[in-house]
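Just so it is clear, A, B, C, D, E, F, G, H, I, J, K and L label the chains in written order, and each chain counts residues from 1 on its own.
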Amino acid sequence: MTNHVYKKIELVGSSPNSIEEAIETAIARAEKTLHNIRWFEVVETRGQVDGGRVAHYQVTLRVGFTLDD
Amino acid sequence: MTNHVYKKIELVGSSPNSIEEAIETAIARAEKTLHNIRWFEVVETRGQVDGGRVAHYQVTLRVGFTLDD
Amino acid sequence: MTNHVYKKIELVGSSPNSIEEAIETAIARAEKTLHNIRWFEVVETRGQVDGGRVAHYQVTLRVGFTLDD
Amino acid sequence: MTNHVYKKIELVGSSPNSIEEAIETAIARAEKTLHNIRWFEVVETRGQVDGGRVAHYQVTLRVGFTLDD
Amino acid sequence: MTNHVYKKIELVGSSPNSIEEAIETAIARAEKTLHNIRWFEVVETRGQVDGGRVAHYQVTLRVGFTLDD
Amino acid sequence: MTNHVYKKIELVGSSPNSIEEAIETAIARAEKTLHNIRWFEVVETRGQVDGGRVAHYQVTLRVGFTLDD
Amino acid sequence: MTNHVYKKIELVGSSPNSIEEAIETAIARAEKTLHNIRWFEVVETRGQVDGGRVAHYQVTLRVGFTLDD
Amino acid sequence: MTNHVYKKIELVGSSPNSIEEAIETAIARAEKTLHNIRWFEVVETRGQVDGGRVAHYQVTLRVGFTLDD
Amino acid sequence: MTNHVYKKIELVGSSPNSIEEAIETAIARAEKTLHNIRWFEVVETRGQVDGGRVAHYQVTLRVGFTLDD
Amino acid sequence: MTNHVYKKIELVGSSPNSIEEAIETAIARAEKTLHNIRWFEVVETRGQVDGGRVAHYQVTLRVGFTLDD
Amino acid sequence: MTNHVYKKIELVGSSPNSIEEAIETAIARAEKTLHNIRWFEVVETRGQVDGGRVAHYQVTLRVGFTLDD
Amino acid sequence: MTNHVYKKIELVGSSPNSIEEAIETAIARAEKTLHNIRWFEVVETRGQVDGGRVAHYQVTLRVGFTLDD
């Protein structure tokens, strides 16, 4: 049995609706090119404001995935 | 074209329902006196607990706005 | 009137649905053995990913409660 | 019942005598223009030295107060 | 001779008078149930303000004690 | 002789040319309304990129000034 | 299927020989009273020195375990 | 209208002359393979010294770019 | 002579035996696709526990390598 | 007029009585060999506990002094 | 071939003109007494303001040098 | 009985073999000129890589020693 190696990349997902949707958006986009995503860690939560309302939530994630041997 | 200067202030919004609503509450209040709010950054998320349930989410934000020339 | 002393413990709650539900899950579980929970602070937000979607949000909290005299 | 919004400002108080007095000095000064101060958080403690003795303690605080509706 | 193991717990002590008294209050309370307290580390210093004066200093400590074998 | 109290505000200055010019831009703007600026601390340095070149340096500062008695 | 809740406690293990042995010492001690330890995170590595040699490595860990339902 | 996803990578640029030139060097190199660079954040500034003078400034950046859909 | 540009990526190596072996495992895996690895920085050390013993050390590294011109 | 250069050293002062006295003790000791101490910054506050009371406050300081030309 | 040991000291350089000149000033001063300076790391950038302009940039560095055997 | 004052210095030890050996190397070198070393704290662990293998572990330590009265 081998010792796994993971790689983490940093992504920023955005959503006009919620922090969770911003996270889901980033992970869904990453899934197009990476097939072994295992976990994420929230690094920063911020957003853009327009007319006194949140226009977009922007969530920075570190996303971890298994490297193929 | 001028080089913009922004100011950031620190606010704490609260909501009994969600983190997003606490953020919206703080920004809506700030909009009453500031008219150029551009972005926010979440600094801290905490809350009060009453009877084993979250009574209020309290989210500390840094809110950035353009200074008028 | 006495000077209160609080204790903080660190919990990780999880939920397949939202960050708020992960927080509520941790606090509801703590309430079973602690009866004076007063506040929480979010320390870390992360999650597990399965098939390109968030399987569980995992939120680490510090939970503060009053120590009985 | 409304959801409160708080603002935090950052002050530096100083005192030749003690850390507590430097904190009290900053809060007393803030009270002249703000009437709803609720809490403070110590951000940094430093001081000036003259002739091998502490000349002034300088304590940086974040001071939180309720915004009027 | 054994290799010792210590545990740290996080407490918040308060006092209307001084930071040191808030620390002493937390340690005295912990001593009621723990008998091998060895050291503390200050994690955060904050306080409540009432009428432009400090009502309570609140000091968060990590308190370390020896685990019995 | 009184114990001084300082206030710190957080500004973001920008410049297409250099970090120093972004700092100077923020301080010059603050000087229009504040007359006792004493020091600054760099909190963050970032910038916008356009066509593979830095379009603007953006420097976040904490600016400290004396509060009038 | 339930949403798990974990608790983290902070321990300091020590060893005259290695960082790994200090970690193992802390976890073996915790196992005496906790039966669902799942992971650890190293918080700090330090040590005592005697006669110009390391006398003890001291490793502070956060140890996570499943709370029974 | 889609919700954008950004990726951040970490680069170290160097220059014998200035911090700004080290930043520009890193971004110009990244532009060779990435065509949507939008912003950078300075993570660390350090340098090598030779004969009592700075030989190279070395600036670590996080560089953010839009992921193509 | 050119000004070098480095890239850093974040990897997690694991080993049942030691922190050093977890580091070596991550670097050996990275070497399969990157040929100019120059240095690493330990970001986090954690591990999984099974039956009161460390099952795997997991070490998160930032690994720096030279970008080809 | 020259551009000054300062050096900072890190000291730990202790006192059975107060945080301020621990700071004064460290600075008084440094004054024996350094004659241009200008400021200090508190890095950490901790202490030893004996019999449920604080035996010593231990305050880590960075102390800054002017280097002679 | 021996295993090198380095020492780091913390200096503050200042300059009325630029961050780079403040760094060079500190290193040139250190070179008078240390002959093996190898690298520096910027810890903090701040400055004094006079009349709405930067009077001095003040850059805190950690400077690393080889210890002679 | 006097109140002790300690000084901390920052060293980087290196070793081709292990983190512990890098720590021991730094402390052994410090012992040549300092005779009251009492403890160390690991600040950073990094290393150089050559040919896909760790060439040197480099461990930055803060080393504390008693100042003679």
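Just so we're on the same page, a residue touches a chain if its C-beta (ideal position, glycine included) is under 8 Å from a C-beta of that chain, and two chains touch if they have at least 3 such contacts.
Computed from a prediction, not measured in an experiment: that's the story for all the values here.
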item	value
Common touching chains of subunit H and subunit F	K
Separation of subunit A from subunit B, taking each centre as the mean of its C-alpha atoms, in whole Å	22
Subunit C and subunit K: spacing of chain centres that average the CA atoms, whole Å	44
Centre-of-Cα separation between subunit I and subunit C, whole angstrom	32
Contacts with two or more other chains, residues of subunit L listed in rising order	9-10, 19, 30
Chain pairs that touch, as defined at the top of this document	A-B, A-C, A-H, A-I, B-C, B-D, B-F, C-E, C-G, D-E, D-F, D-J, E-G, E-J, F-H, F-K, G-I, G-L, H-I, H-K, I-L, J-K, J-L, K-L
Complex contact set, residues of subunit E against subunit C	9-16, 21-22, 25-26, 29-30, 56, 60
Residue numbers on subunit A that touch subunit C, as the complex places them	19-20, 23-24, 27-28, 30-31, 37-42, 63
Contact footprint of subunit B on subunit D as seen in their complex	3-10, 62, 64, 67, 69
Contact footprint of subunit C on subunit B as seen in their complex	18-19, 44-49, 52-54, 57
